[in-house]
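Note that the chains take the letters A, B and C in the order they are written out, and that residue 1 is the start of every chain.
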Amino acid sequence: MAIHTDLTPSESADRLAIRELFDAYAHCADRRDAEGQKALFTTDTRFAVYMDGDRAEPTYVLEGREALTPVFDDLNRYDATTHFNGQSTVTIDGDRATGESYTIAHHVFSEEGSRKIMVASLRYLDTFTKLDERWYFAERKLILDWSETRSLTAPSAA
Amino acid sequence: MAIHTDLTPSESADRLAIRELFDAYAHCADRRDAEGQKALFTTDTRFAVYMDGDRAEPTYVLEGREALTPVFDDLNRYDATTHFNGQSTVTIDGDRATGESYTIAHHVFSEEGSRKIMVASLRYLDTFTKLDERWYFAERKLILDWSETRSLTAPSAA
Amino acid sequence: MAIHTDLTPSESADRLAIRELFDAYAHCADRRDAEGQKALFTTDTRFAVYMDGDRAEPTYVLEGREALTPVFDDLNRYDATTHFNGQSTVTIDGDRATGESYTIAHHVFSEEGSRKIMVASLRYLDTFTKLDERWYFAERKLILDWSETRSLTAPSAA
């Protein structure tokens, strides 16, 4: 934690914009706005996915904004998603920033006549960059800490 | 996302007040302070509930602050509730504002000797208004994206 | 809710620092940085745990920062934890502040060959103090509203 003796109107604006960037990712994902979601990234962005926590090498890496298309399109197979955002801790250094942000992503789907939910507990380690007054994801490391698939069928009364 | 070049002390205060309004709704719900919860709304508020996502017509609409009384009183049948708030994205235009806010509402109850939890994944599409230096909910659209009822009984060891 | 007519750069800095304190607690817990976690507390801190909601006497009370060591070390028995932070409502009065903050703490563990998760729905009632420009937890009341243990095994397809 840094000591913040004063938070200038300029830094406050940067912090708000970066938080809105984090939340816009969730909004675009949940509303299936793949183009809007891609526009949050720099054209030469790097998106690295760690499916087994952050101790190992990335499971896969996507290079460049266009490489994100199949990832975001894949959300269309769910009946509903909820990218629920928690804390986001950001350190700003001029036109660059880094942060750790928590998301629990809920994915509702149907399988063999049964309704289910897959829950993914994610942390994003991000690098942000400011270009022409606007903040973008320059790099995202997505870390899956744990996941769970449950039936959405109500338990019996007993 | 808007570009924020500077965040004035006045807008910062508005943003804090609107976030506190969103969180006060959860606090009052969870502490069963129905009068406090009602006081967060304008007297002529409109509260529309969408039980099947946001694609259809509202399931029902409540007109006016007093119409909220049975909704908030209904929380008393639960042993405990947790209105857990995530992201809240707000756009301010003078004394009006609009926003999208995420809540996962947890409701613990007992049924036939068994302890259960009903989880509701909610998005609120709100219109806020500022009256005499204070922000209120002028309109809430509550959208239920999905829900789940689970047993709170621990699984067997095997 | 207080009326905020203006949010000064100084109060904005205090609010950011207190939010970062809340989030640092989660980060240190999840990364198993017990020393970092302890350093967020005043040396004479008081940590009271209420395992049955906030209606009763505390289940136990820890006095002083060093008494927290076994609590934080206890996290090491989990394969992974996610302290997911929601809303945090804070009132500042000079170098003191109080707040209510929501956390859903997820604890993944293995038992008899099966992977499980224990979820604890927590509210923290905190008193913060500012010493030498830095904010600390002077007192934490941890209230467990409900908890749940689930199997992390996927349900069968049927």
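The rule is simple: a contact is a pair of C-beta atoms (placed from the backbone, for glycine too) under 8 Å apart; a residue touches a chain by one contact, two chains touch by 3 or more.
Please read all numbers here as calculations on a predicted model, not as lab measurements.
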Two copies, chain A and chain C, superposed on Cα atoms differ by a rotation in degrees, nearest 5, of 120
How would the chain A/chain B interface be labelled, same or different, where same requires over half of its residue numbers to be shared? different
Gap in Å, rounded to a whole number, between the CA centres of chain B and chain A: 23
Per-residue overlap in chain C, given as positions that touch at least 2 other chains: 9, 12, 86, 150
With touch defined as at the start, can you tell me which chain B residues reach chain C in the complex? 9-10, 12-14, 16-17, 20-24, 26-27, 30, 79-80, 82, 84-86, 106, 108, 117, 133-134, 150, 152, 154-155, 157-158
In the complex formed with chain C, which residues of chain A make contact? 1-9, 12, 15, 53, 86-87, 89, 100, 102, 104, 111-112, 114, 116, 121, 145-146, 148-151
